[in-house]
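Chain IDs A, B, C and D follow the sequence of writing; residue 1 opens each chain.
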(Lines give C-alpha, C1' and ligand atoms only; values in the text may rest on other atoms or scores of the structure.)
Protein backbone atom coordinates (compact mmCIF):
# COMPACT_ATOMS: atom_id res chain seq x y z
CA UNK A 1 0.00 0.00 0.00
CA UNK A 2 2.66 2.48 1.09
CA UNK A 3 4.75 1.50 -1.87
CA UNK A 4 1.88 2.17 -4.25
CA UNK A 5 1.46 5.60 -2.70
CA UNK A 6 5.07 6.49 -3.41
CA UNK A 7 4.85 5.12 -6.93
CA UNK A 8 1.82 7.29 -7.57
CA UNK A 9 3.56 10.38 -6.17
CA UNK A 10 6.57 9.68 -8.38
CA UNK A 11 4.28 9.57 -11.40
CA UNK A 12 2.59 12.82 -10.38
CA UNK A 13 5.99 14.50 -9.95
CA UNK A 14 7.00 13.20 -13.37
CA UNK A 15 3.90 14.68 -15.00
CA UNK A 16 4.48 18.00 -13.23
CA UNK A 17 8.07 17.95 -14.45
CA UNK A 18 6.91 17.42 -18.02
CA UNK A 19 4.37 20.25 -17.88
CA UNK A 20 6.84 22.76 -16.49
CA UNK A 21 9.43 21.59 -19.02
CA UNK A 22 6.96 22.45 -21.80
CA UNK A 23 6.69 25.96 -20.36
CA UNK A 24 10.49 26.11 -20.18
CA UNK A 25 10.98 25.16 -23.82
CA UNK A 26 8.10 27.21 -25.23
CA UNK A 27 8.20 30.23 -22.92
CA UNK A 28 8.53 33.26 -25.14
CA UNK A 29 9.99 35.44 -22.41
CA UNK A 30 13.06 35.06 -20.22
CA UNK A 31 10.93 35.39 -17.09
CA UNK A 32 8.74 32.46 -18.15
CA UNK A 33 11.84 30.33 -18.42
CA UNK A 34 13.15 31.48 -15.06
CA UNK A 35 9.90 30.62 -13.32
CA UNK A 36 9.80 27.24 -15.07
CA UNK A 37 13.39 26.61 -13.93
CA UNK A 38 12.43 27.38 -10.33
CA UNK A 39 9.41 25.07 -10.50
CA UNK A 40 11.55 22.25 -11.92
CA UNK A 41 14.02 22.70 -9.05
CA UNK A 42 11.26 22.48 -6.47
CA UNK A 43 9.76 19.40 -8.12
CA UNK A 44 13.18 17.75 -8.11
CA UNK A 45 13.48 18.31 -4.35
CA UNK A 46 10.39 16.17 -3.81
CA UNK A 47 11.59 13.74 -6.47
CA UNK A 48 14.85 13.24 -4.52
CA UNK A 49 12.90 12.39 -1.39
CA UNK A 50 10.77 9.90 -3.34
CA UNK A 51 13.87 8.31 -4.90
CA UNK A 52 15.39 8.02 -1.43
CA UNK A 53 12.32 6.12 -0.29
CA UNK A 54 12.13 3.86 -3.34
CA UNK A 55 15.82 2.96 -3.02
CA UNK A 56 15.44 2.49 0.76
CA UNK A 57 18.41 4.76 1.55
CA UNK A 58 17.84 7.61 3.98
CA UNK A 59 21.27 9.14 3.23
CA UNK A 60 19.96 10.53 -0.05
CA UNK A 61 17.83 13.06 1.85
CA UNK A 62 20.98 15.14 2.52
CA UNK A 63 21.12 15.98 -1.19
CA UNK A 64 17.58 17.37 -1.01
CA UNK A 65 18.71 19.65 1.83
CA UNK A 66 21.43 21.18 -0.33
CA UNK A 67 18.98 21.65 -3.19
CA UNK A 68 16.41 23.27 -0.94
CA UNK A 69 18.81 25.79 0.59
CA UNK A 70 20.68 26.70 -2.59
CA UNK A 71 18.25 26.47 -5.47
CA UNK A 72 16.70 29.90 -4.93
CA UNK A 73 20.08 31.64 -5.27
CA UNK A 74 20.34 31.23 -9.02
CA UNK A 75 16.80 32.51 -9.49
CA UNK A 76 17.50 35.58 -7.34
CA UNK A 77 20.62 36.32 -9.39
CA UNK A 78 18.68 36.06 -12.66
CA UNK A 79 15.93 38.30 -11.30
CA UNK A 80 18.49 40.87 -10.19
CA UNK A 81 20.10 40.71 -13.62
CA UNK A 82 16.79 41.33 -15.35
CA UNK A 83 15.96 44.33 -13.16
CA UNK A 84 19.52 45.70 -13.50
CA UNK A 85 20.32 45.48 -9.81
CA UNK A 86 23.30 43.14 -9.84
CA UNK B 1 18.75 -2.00 -21.78
CA UNK B 2 19.44 -0.88 -18.24
CA UNK B 3 20.08 2.46 -16.61
CA UNK B 4 23.84 2.32 -17.12
CA UNK B 5 23.76 2.05 -20.90
CA UNK B 6 21.03 4.70 -21.21
CA UNK B 7 23.16 7.06 -19.13
CA UNK B 8 26.20 6.33 -21.24
CA UNK B 9 24.27 6.98 -24.45
CA UNK B 10 22.90 10.22 -23.05
CA UNK B 11 26.41 11.28 -22.04
CA UNK B 12 27.75 10.56 -25.55
CA UNK B 13 24.91 12.58 -27.07
CA UNK B 14 25.56 15.47 -24.68
CA UNK B 15 29.23 15.49 -25.69
CA UNK B 16 28.24 15.52 -29.37
CA UNK B 17 25.73 18.36 -28.90
CA UNK B 18 28.27 20.41 -26.99
CA UNK B 19 30.99 19.73 -29.57
CA UNK B 20 28.67 20.83 -32.33
CA UNK B 21 27.98 24.02 -30.40
CA UNK B 22 31.68 24.71 -29.85
CA UNK B 23 32.37 24.28 -33.55
CA UNK B 24 29.46 26.25 -34.97
CA UNK B 25 28.67 29.09 -32.53
CA UNK B 26 30.26 32.47 -33.08
CA UNK B 27 29.63 34.17 -29.74
CA UNK B 28 32.28 33.47 -27.10
CA UNK B 29 29.80 33.14 -24.20
CA UNK B 30 27.86 30.54 -26.19
CA UNK B 31 31.06 28.62 -26.85
CA UNK B 32 31.71 28.55 -23.10
CA UNK B 33 28.15 27.35 -22.46
CA UNK B 34 28.69 24.56 -24.99
CA UNK B 35 31.91 23.67 -23.21
CA UNK B 36 30.04 23.27 -19.94
CA UNK B 37 27.54 20.99 -21.69
CA UNK B 38 30.47 18.81 -22.88
CA UNK B 39 31.74 18.83 -19.28
CA UNK B 40 28.43 17.52 -17.97
CA UNK B 41 28.34 14.84 -20.65
CA UNK B 42 31.81 13.57 -19.79
CA UNK B 43 30.91 13.41 -16.10
CA UNK B 44 27.77 11.45 -16.97
CA UNK B 45 29.81 8.94 -18.99
CA UNK B 46 32.29 8.49 -16.15
CA UNK B 47 29.60 7.90 -13.53
CA UNK B 48 27.78 5.51 -15.87
CA UNK B 49 30.99 3.49 -16.25
CA UNK B 50 30.89 2.77 -12.52
CA UNK B 51 27.21 1.94 -12.33
CA UNK B 52 26.11 -1.60 -11.71
CA UNK B 53 22.61 -2.95 -11.89
CA UNK B 54 20.63 -3.21 -8.66
CA UNK B 55 23.36 -1.98 -6.41
CA UNK B 56 23.26 0.85 -3.94
CA UNK B 57 25.19 3.96 -2.96
CA UNK B 58 28.67 3.34 -1.44
CA UNK B 59 27.83 4.66 2.01
CA UNK B 60 27.70 2.35 4.99
CA UNK B 61 24.63 3.23 7.07
CA UNK B 62 21.67 1.48 8.64
CA UNK B 63 20.65 -0.04 5.31
CA UNK B 64 24.06 -1.49 4.42
CA UNK B 65 26.46 -3.43 6.63
CA UNK B 66 30.21 -3.18 6.09
CA UNK B 67 30.58 -6.92 5.58
CA UNK B 68 28.37 -7.20 2.50
CA UNK B 69 29.58 -3.98 0.93
CA UNK B 70 31.56 -5.68 -1.90
CA UNK B 71 28.47 -7.39 -3.26
CA UNK B 72 26.05 -4.49 -2.83
CA UNK B 73 27.73 -1.18 -3.70
CA UNK B 74 28.47 0.46 -7.05
CA UNK B 75 32.03 1.28 -8.06
CA UNK B 76 33.13 4.22 -5.84
CA UNK B 77 36.28 5.05 -7.82
CA UNK B 78 34.70 6.91 -10.80
CA UNK B 79 32.56 8.86 -8.37
CA UNK B 80 35.64 10.08 -6.51
CA UNK B 81 37.24 11.12 -9.81
CA UNK B 82 34.13 12.96 -11.03
CA UNK B 83 33.91 14.78 -7.69
CA UNK B 84 37.21 16.52 -8.31
CA UNK B 85 36.51 16.91 -12.03
CA UNK B 86 33.37 18.97 -11.37
CA UNK B 87 35.25 21.40 -9.11
CA UNK B 88 38.04 21.74 -11.67
CA UNK B 89 35.38 22.28 -14.34
CA UNK B 90 34.09 25.29 -12.43
CA UNK B 91 37.64 26.66 -12.21
CA UNK B 92 38.16 26.22 -15.96
CA UNK B 93 34.82 27.87 -16.76
CA UNK B 94 35.63 30.82 -14.51
CA UNK B 95 39.04 31.22 -16.13
CA UNK B 96 37.52 31.16 -19.61
CA UNK B 97 34.99 33.79 -18.57
CA UNK B 98 37.78 35.97 -17.21
CA UNK B 99 39.51 35.72 -20.60
CA UNK B 100 36.20 36.60 -22.27
CA UNK B 101 35.97 39.74 -20.14
CA UNK B 102 39.51 40.65 -21.15
CA UNK B 103 38.65 40.16 -24.84
CA UNK B 104 35.57 42.29 -24.45
CA UNK B 105 37.62 45.00 -22.75
CA UNK B 106 40.03 45.11 -25.66
CA UNK B 107 37.71 44.69 -28.65
CA UNK B 108 34.31 45.86 -27.36
CA UNK B 109 32.67 42.78 -28.82
CA UNK B 110 32.45 39.06 -28.16
CA UNK B 111 31.30 38.10 -31.64
CA UNK B 112 34.11 36.10 -33.23
CA UNK B 113 33.25 37.40 -36.71
CA UNK B 114 34.13 40.93 -35.62
CA UNK B 115 37.47 40.06 -34.02
CA UNK B 116 40.20 39.87 -36.60
CA UNK B 117 42.60 37.69 -34.63
CA UNK B 118 40.05 35.06 -33.63
CA UNK B 119 38.51 34.44 -37.03
CA UNK B 120 38.90 31.07 -38.63
CA UNK C 1 31.98 25.78 -47.27
CA UNK C 2 35.08 23.78 -46.53
CA UNK C 3 34.63 24.76 -42.88
CA UNK C 4 31.10 23.32 -42.72
CA UNK C 5 32.38 20.17 -44.38
CA UNK C 6 35.16 19.87 -41.81
CA UNK C 7 32.75 20.36 -38.91
CA UNK C 8 30.35 17.70 -40.22
CA UNK C 9 33.23 15.31 -40.84
CA UNK C 10 34.59 15.82 -37.30
CA UNK C 11 31.17 15.29 -35.74
CA UNK C 12 30.52 12.14 -37.76
CA UNK C 13 33.94 10.79 -36.82
CA UNK C 14 33.40 11.41 -33.11
CA UNK C 15 29.88 9.98 -33.32
CA UNK C 16 31.20 6.85 -35.01
CA UNK C 17 33.86 6.48 -32.30
CA UNK C 18 31.28 6.88 -29.55
CA UNK C 19 28.85 4.51 -31.23
CA UNK C 20 31.41 1.74 -31.51
CA UNK C 21 32.35 2.28 -27.85
CA UNK C 22 28.68 2.21 -26.91
CA UNK C 23 28.00 -1.04 -28.75
CA UNK C 24 30.85 -2.83 -27.05
CA UNK C 25 29.95 -1.56 -23.59
CA UNK C 26 28.14 -3.83 -21.20
CA UNK C 27 27.56 -3.07 -17.55
CA UNK C 28 29.93 -5.12 -15.39
CA UNK C 29 28.53 -7.59 -12.91
CA UNK C 30 31.51 -7.68 -10.54
CA UNK C 31 33.61 -4.89 -9.09
CA UNK C 32 37.00 -4.55 -10.71
CA UNK C 33 40.22 -5.26 -8.82
CA UNK C 34 40.99 -2.04 -6.99
CA UNK C 35 37.32 -1.17 -6.52
CA UNK C 36 36.58 -4.47 -4.81
CA UNK C 37 39.56 -3.86 -2.51
CA UNK C 38 38.18 -0.44 -1.62
CA UNK C 39 34.69 -1.83 -1.06
CA UNK C 40 35.91 -4.72 1.07
CA UNK C 41 38.47 -3.09 3.31
CA UNK C 42 37.73 0.62 3.55
CA UNK C 43 35.68 0.14 6.71
CA UNK C 44 38.45 -1.56 8.67
CA UNK C 45 41.32 0.33 7.01
CA UNK C 46 40.08 3.84 7.61
CA UNK C 47 36.85 3.56 9.60
CA UNK C 48 35.04 5.81 7.15
CA UNK C 49 31.41 5.03 6.36
CA UNK C 50 31.47 6.91 3.07
CA UNK C 51 33.71 5.01 0.67
CA UNK C 52 33.99 7.97 -1.73
CA UNK C 53 35.34 10.18 1.07
CA UNK C 54 37.88 7.54 2.00
CA UNK C 55 39.08 7.34 -1.60
CA UNK C 56 39.22 11.12 -2.05
CA UNK C 57 41.04 11.81 1.21
CA UNK C 58 43.16 8.75 1.91
CA UNK C 59 43.68 6.41 -1.03
CA UNK C 60 43.88 9.18 -3.63
CA UNK C 61 44.89 11.94 -1.24
CA UNK C 62 47.70 13.25 -3.40
CA UNK C 63 45.25 13.93 -6.27
CA UNK C 64 43.10 15.96 -3.94
CA UNK C 65 46.09 18.00 -2.81
CA UNK C 66 46.88 18.73 -6.45
CA UNK C 67 43.26 19.57 -7.16
CA UNK C 68 43.11 22.09 -4.32
CA UNK C 69 46.34 23.60 -5.63
CA UNK C 70 44.81 23.99 -9.10
CA UNK C 71 41.82 25.76 -7.61
CA UNK C 72 44.15 28.08 -5.69
CA UNK C 73 46.07 28.85 -8.89
CA UNK C 74 42.82 29.57 -10.75
CA UNK C 75 41.61 31.95 -8.11
CA UNK C 76 44.91 33.84 -7.93
CA UNK C 77 45.26 34.07 -11.72
CA UNK C 78 41.74 35.49 -11.86
CA UNK C 79 42.46 38.09 -9.22
CA UNK C 80 45.49 39.12 -11.25
CA UNK C 81 43.73 39.17 -14.61
CA UNK C 82 40.66 41.06 -13.47
CA UNK C 83 42.46 43.71 -11.45
CA UNK C 84 40.39 46.89 -11.52
CA UNK C 85 41.63 50.45 -11.69
CA UNK C 86 41.69 52.39 -8.45
CA UNK C 87 38.27 51.99 -6.89
CA UNK C 88 36.01 54.91 -7.75
CA UNK C 89 32.88 53.33 -6.53
CA UNK C 90 30.18 55.02 -8.54
CA UNK C 91 28.14 51.98 -9.38
CA UNK C 92 24.53 52.45 -10.33
CA UNK C 93 22.22 49.67 -9.29
CA UNK C 94 18.78 49.30 -7.94
CA UNK C 95 18.52 48.97 -4.17
CA UNK C 96 17.66 45.46 -2.97
CA UNK C 97 14.17 45.01 -1.68
CA UNK C 98 13.35 44.82 2.01
CA UNK C 99 12.32 41.19 1.56
CA UNK C 100 15.67 40.12 0.13
CA UNK C 101 17.71 41.96 2.76
CA UNK C 102 15.73 40.51 5.68
CA UNK C 103 15.72 37.02 4.18
CA UNK C 104 19.47 37.06 3.57
CA UNK C 105 20.19 38.23 7.14
CA UNK C 106 18.03 35.36 8.33
CA UNK C 107 19.32 32.69 5.95
CA UNK C 108 23.09 33.28 5.83
CA UNK C 109 23.79 31.74 9.28
CA UNK C 110 21.78 28.66 8.36
CA UNK C 111 23.54 28.24 5.02
CA UNK C 112 26.92 28.50 6.75
CA UNK C 113 25.72 25.96 9.31
CA UNK C 114 24.69 23.60 6.50
CA UNK C 115 28.10 23.97 4.87
CA UNK C 116 29.90 23.19 8.11
CA UNK C 117 27.58 20.22 8.71
CA UNK C 118 28.32 18.87 5.24
CA UNK C 119 32.09 18.89 5.61
CA UNK C 120 32.19 17.77 9.24
CA UNK C 121 29.97 14.78 8.38
CA UNK C 122 31.91 14.03 5.20
CA UNK C 123 32.89 10.56 6.41
CA UNK C 124 29.36 9.59 7.47
CA UNK C 125 26.94 10.94 4.89
CA UNK C 126 27.15 12.15 1.29
CA UNK C 127 29.12 15.33 1.00
CA UNK C 128 32.51 16.53 2.07
CA UNK C 129 34.94 19.34 1.67
CA UNK C 130 34.12 20.34 -1.89
CA UNK C 131 30.36 20.43 -1.42
CA UNK C 132 30.63 22.18 1.94
CA UNK C 133 33.01 24.74 0.46
CA UNK C 134 30.59 25.43 -2.40
CA UNK C 135 27.78 25.95 0.11
CA UNK C 136 29.94 28.40 2.10
CA UNK C 137 30.66 30.33 -1.10
CA UNK C 138 26.92 30.48 -1.82
CA UNK C 139 26.40 32.16 1.55
CA UNK C 140 28.81 34.88 0.40
CA UNK C 141 26.85 35.24 -2.86
CA UNK C 142 23.67 35.82 -0.86
CA UNK C 143 25.41 38.54 1.17
CA UNK C 144 26.68 40.22 -2.00
CA UNK C 145 23.27 40.06 -3.68
CA UNK C 146 21.50 41.59 -0.71
CA UNK C 147 24.00 44.44 -0.42
CA UNK C 148 26.15 45.01 -3.53
CA UNK C 149 28.38 47.45 -1.60
CA UNK C 150 29.34 44.76 0.92
CA UNK C 151 33.12 44.54 0.95
CA UNK C 152 34.74 41.17 1.38
CA UNK C 153 37.60 41.09 3.85
CA UNK C 154 40.08 39.54 1.44
CA UNK C 155 42.77 39.67 4.13
CA UNK C 156 40.81 37.29 6.38
CA UNK C 157 39.99 35.04 3.42
CA UNK C 158 43.64 34.73 2.42
CA UNK C 159 44.72 34.03 6.00
CA UNK C 160 42.14 31.22 6.35
CA UNK C 161 43.02 29.90 2.89
CA UNK C 162 46.78 29.75 3.36
CA UNK C 163 46.71 28.46 6.94
CA UNK C 164 44.33 25.63 6.07
CA UNK C 165 46.49 24.68 3.10
CA UNK C 166 49.57 24.71 5.32
CA UNK C 167 47.85 22.57 7.96
CA UNK C 168 46.68 20.15 5.26
CA UNK C 169 50.25 19.53 4.11
CA UNK C 170 51.37 19.31 7.75
CA UNK C 171 48.77 16.62 8.49
CA UNK C 172 49.95 14.76 5.40
CA UNK C 173 53.54 14.89 6.68
CA UNK C 174 52.40 13.63 10.09
CA UNK C 175 51.05 10.59 8.25
CA UNK C 176 54.58 10.09 6.93
CA UNK C 177 55.94 10.14 10.50
CA UNK C 178 53.29 8.23 12.47
CA UNK C 179 51.31 6.37 9.84
CA UNK C 180 52.08 4.38 6.74
CA UNK C 181 52.79 7.17 4.26
CA UNK C 182 52.04 10.66 3.04
CA UNK C 183 48.42 11.64 3.79
CA UNK C 184 47.74 8.35 5.53
CA UNK C 185 44.76 8.87 7.83
CA UNK C 186 45.59 6.29 10.49
CA UNK C 187 47.48 8.72 12.70
CA UNK C 188 44.48 9.01 14.99
CA UNK C 189 42.52 5.88 16.04
CA UNK C 190 40.00 4.78 13.43
CA UNK C 191 37.20 4.16 15.94
CA UNK C 192 33.86 2.53 15.17
CA UNK C 193 32.34 2.96 11.73
CA UNK C 194 29.46 5.41 11.78
CA UNK C 195 30.46 7.55 14.76
CA UNK C 196 31.33 11.23 14.48
CA UNK C 197 34.76 10.85 16.12
CA UNK C 198 36.10 8.08 13.93
CA UNK C 199 37.95 7.54 10.66
CA UNK C 200 41.28 8.92 11.86
CA UNK C 201 42.35 12.07 10.08
CA UNK C 202 39.56 12.09 7.46
CA UNK C 203 37.23 14.56 9.26
CA UNK C 204 40.11 16.90 10.08
CA UNK C 205 41.42 16.89 6.51
CA UNK C 206 37.91 17.36 5.13
CA UNK C 207 37.37 20.37 7.42
CA UNK C 208 40.59 21.91 6.08
CA UNK C 209 39.64 21.13 2.46
CA UNK C 210 36.21 22.64 3.06
CA UNK C 211 37.67 25.85 4.46
CA UNK C 212 40.19 26.05 1.64
CA UNK C 213 37.75 25.36 -1.18
CA UNK C 214 35.17 27.68 0.41
CA UNK C 215 37.59 30.60 0.66
CA UNK C 216 38.93 29.98 -2.85
CA UNK C 217 35.47 29.92 -4.42
CA UNK C 218 34.51 32.97 -2.34
CA UNK C 219 37.54 34.79 -3.66
CA UNK C 220 36.66 33.80 -7.23
CA UNK C 221 33.08 35.05 -6.84
CA UNK C 222 34.08 38.28 -5.14
CA UNK C 223 36.51 38.99 -7.99
CA UNK C 224 33.63 38.67 -10.46
CA UNK C 225 31.51 40.87 -8.21
CA UNK C 226 34.13 43.58 -7.76
CA UNK C 227 34.55 43.84 -11.54
CA UNK C 228 30.96 45.09 -11.96
CA UNK C 229 30.85 48.69 -13.11
CA UNK C 230 34.61 49.16 -12.90
CA UNK C 231 37.25 49.52 -15.57
CA UNK C 232 39.85 46.81 -15.84
CA UNK C 233 43.52 47.66 -15.40
CA UNK C 234 45.32 48.05 -18.71
CA UNK C 235 47.67 45.22 -19.47
CA UNK C 236 51.24 46.42 -19.67
CA UNK C 237 51.74 45.34 -23.26
CA UNK C 238 54.35 42.68 -23.80
CA UNK C 239 51.86 39.91 -24.51
CA UNK C 240 51.43 40.11 -28.24
CA UNK D 1 10.59 -0.23 -13.23
CA UNK D 2 9.60 3.26 -12.09
CA UNK D 3 13.29 4.09 -11.86
CA UNK D 4 13.84 3.27 -15.53
CA UNK D 5 10.88 5.40 -16.64
CA UNK D 6 12.10 8.27 -14.46
CA UNK D 7 15.60 7.89 -15.80
CA UNK D 8 14.57 7.91 -19.46
CA UNK D 9 12.33 10.95 -19.04
CA UNK D 10 15.03 12.88 -17.18
CA UNK D 11 17.69 11.97 -19.76
CA UNK D 12 15.44 13.09 -22.63
CA UNK D 13 14.73 16.38 -20.87
CA UNK D 14 18.46 16.90 -20.29
CA UNK D 15 19.21 16.29 -23.98
CA UNK D 16 16.44 18.65 -25.08
CA UNK D 17 17.64 21.45 -22.82
CA UNK D 18 21.21 20.86 -24.03
CA UNK D 19 19.99 21.43 -27.59
CA UNK D 20 18.22 24.60 -26.46
CA UNK D 21 21.38 25.75 -24.66
CA UNK D 22 23.42 25.32 -27.82
CA UNK D 23 21.08 26.67 -30.51
CA UNK D 24 19.40 29.55 -28.69
CA UNK D 25 20.39 33.02 -29.88
CA UNK D 26 19.42 34.55 -26.55
CA UNK D 27 22.32 34.34 -24.10
CA UNK D 28 20.13 34.31 -20.99
CA UNK D 29 18.10 31.40 -22.32
CA UNK D 30 21.16 29.40 -23.22
CA UNK D 31 22.75 29.94 -19.78
CA UNK D 32 19.57 28.95 -17.93
CA UNK D 33 19.30 25.87 -20.16
CA UNK D 34 22.88 24.89 -19.33
CA UNK D 35 21.93 25.21 -15.65
CA UNK D 36 18.95 22.95 -16.29
CA UNK D 37 21.22 20.37 -17.94
CA UNK D 38 23.32 20.33 -14.76
CA UNK D 39 20.22 20.07 -12.56
CA UNK D 40 18.79 17.12 -14.48
CA UNK D 41 22.22 15.48 -14.67
CA UNK D 42 22.44 15.64 -10.89
CA UNK D 43 19.11 13.81 -10.64
CA UNK D 44 20.54 11.20 -13.02
CA UNK D 45 23.58 10.82 -10.75
CA UNK D 46 21.24 10.29 -7.81
CA UNK D 47 19.39 7.56 -9.70
CA UNK D 48 22.75 5.96 -10.51
CA UNK D 49 23.49 5.77 -6.73
CA UNK D 50 26.08 8.53 -6.67
CA UNK D 51 24.79 10.98 -4.01
CA UNK D 52 28.19 12.65 -3.55
CA UNK D 53 28.41 13.56 -7.21
CA UNK D 54 24.76 14.66 -7.26
CA UNK D 55 25.38 17.03 -4.36
CA UNK D 56 28.49 18.50 -5.99
CA UNK D 57 26.75 18.98 -9.31
CA UNK D 58 23.75 20.65 -7.64
CA UNK D 59 25.88 23.03 -5.59
CA UNK D 60 28.54 23.84 -8.18
CA UNK D 61 27.35 23.07 -11.69
CA UNK D 62 23.81 24.26 -11.31
CA UNK D 63 24.19 27.11 -8.83
CA UNK D 64 27.65 28.66 -8.78
CA UNK D 65 28.37 28.33 -12.52
CA UNK D 66 25.10 30.06 -13.41
CA UNK D 67 25.89 32.85 -10.95
CA UNK D 68 29.33 33.44 -12.49
CA UNK D 69 27.85 33.51 -16.01
CA UNK D 70 25.33 36.13 -14.97
CA UNK D 71 27.95 38.32 -13.32
CA UNK D 72 29.88 38.30 -16.61
CA UNK D 73 26.75 39.03 -18.68
CA UNK D 74 25.86 41.91 -16.40
CA UNK D 75 29.25 43.53 -16.80
CA UNK D 76 29.19 43.13 -20.58
CA UNK D 77 25.71 44.66 -20.77
CA UNK D 78 26.74 47.61 -18.57
CA UNK D 79 29.76 48.17 -20.79
CA UNK D 80 27.68 48.17 -23.94
CA UNK D 81 25.10 50.50 -22.38
CA UNK D 82 27.73 53.04 -21.42
CA UNK D 83 29.29 52.98 -24.87
CA UNK D 84 26.12 53.97 -26.69
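Keep this in mind: a residue touches a chain if its C-beta (ideal position, glycine included) is under 8 Å from a C-beta of that chain, and two chains touch if they have at least 3 such contacts.
Keep in mind it's a predicted model, so treat the numbers as computed, not measured.
> Of the pairs A-C and B-D, which shows more C-beta pairs in contact?
It is B-D, judged by the count of C-beta pairs in contact.
> Quick check: how many Å separate the C-alpha centres of chain A and chain C?
Whole-Å distance between the two chain centres: 24.
> What is the distance, in whole Å, between the centres of chain B and chain D, each centre taken as the mean of its C-alpha atoms?
That pair's centroid distance is 11 Å.
> Compute the distance, rounded to whole Å, between the mean C-alpha positions of chain A and chain B.
For chain A versus chain B, the centre distance works out to 21 Å.
> Going by the touch rule set out above, which residues of chain C reach two or more other chains?
Answer for chain C, listing residues that touch two or more other chains: 50, 52, 118, 125-128, 130-131, 134-135, 138, 141, 217, 220, 224, 227-228.
> Two or more other chains touching the same residue: where does that happen in chain B?
2, 4, 20, 50-51, 56-59, 61, 73, 79, 83, 86-87, 90, 94, 97, 101, 105, in rising order.
> Check each residue of chain A and list the ones that touch at least two other chains.
55, 59-60, 62-63, 66, 70, 73, 77, 86
> Have a look at which chains touch which and call the overall pattern line, ring, star, complete or other.
Its topology is that of a complete graph.
> Using the touch rule from the top, collect the residues of chain A that touch chain B in their complex.
Counting only chain A, the residues touching chain B are 55-60.
> Okay, in this complex, where on chain B does chain D touch?
The contact residues of chain B facing chain D are 2-4, 6-7, 10, 13-14, 17-18, 20-21, 25, 27, 29-30, 32-34, 36-37, 39-41, 43-44, 47-48, 50-51, 55-59, 73-74, 79, 82-83, 86-87, 89-90, 93-94, 97, 100-101, 104-105, 108, 110.
> Give every residue of chain D touching chain C within the complex, in rising order.
Checking each residue of chain D against chain C gives 51-52, 54-56, 59-60, 63-64, 67-68, 71-72, 74-75, 78.
> Within the complex, which stretch of chain D touches chain A?
Chain D reaches chain A through residues 2-3, 5-6, 9-10, 13, 16-17, 20, 26, 28-29, 32, 35-36, 39, 42-43, 46-47, 49, 51, 54-55, 58-59, 62-63, 66-67, 70-71, 73-74.
> Which residues of chain B touch chain C in the complex?
2, 4-5, 8-9, 12, 15-16, 19-20, 23-24, 50-53, 57-61, 66, 69-70, 73, 75-77, 79-80, 83-84, 86-88, 90-92, 94-95, 97-99, 101-102, 105, 120
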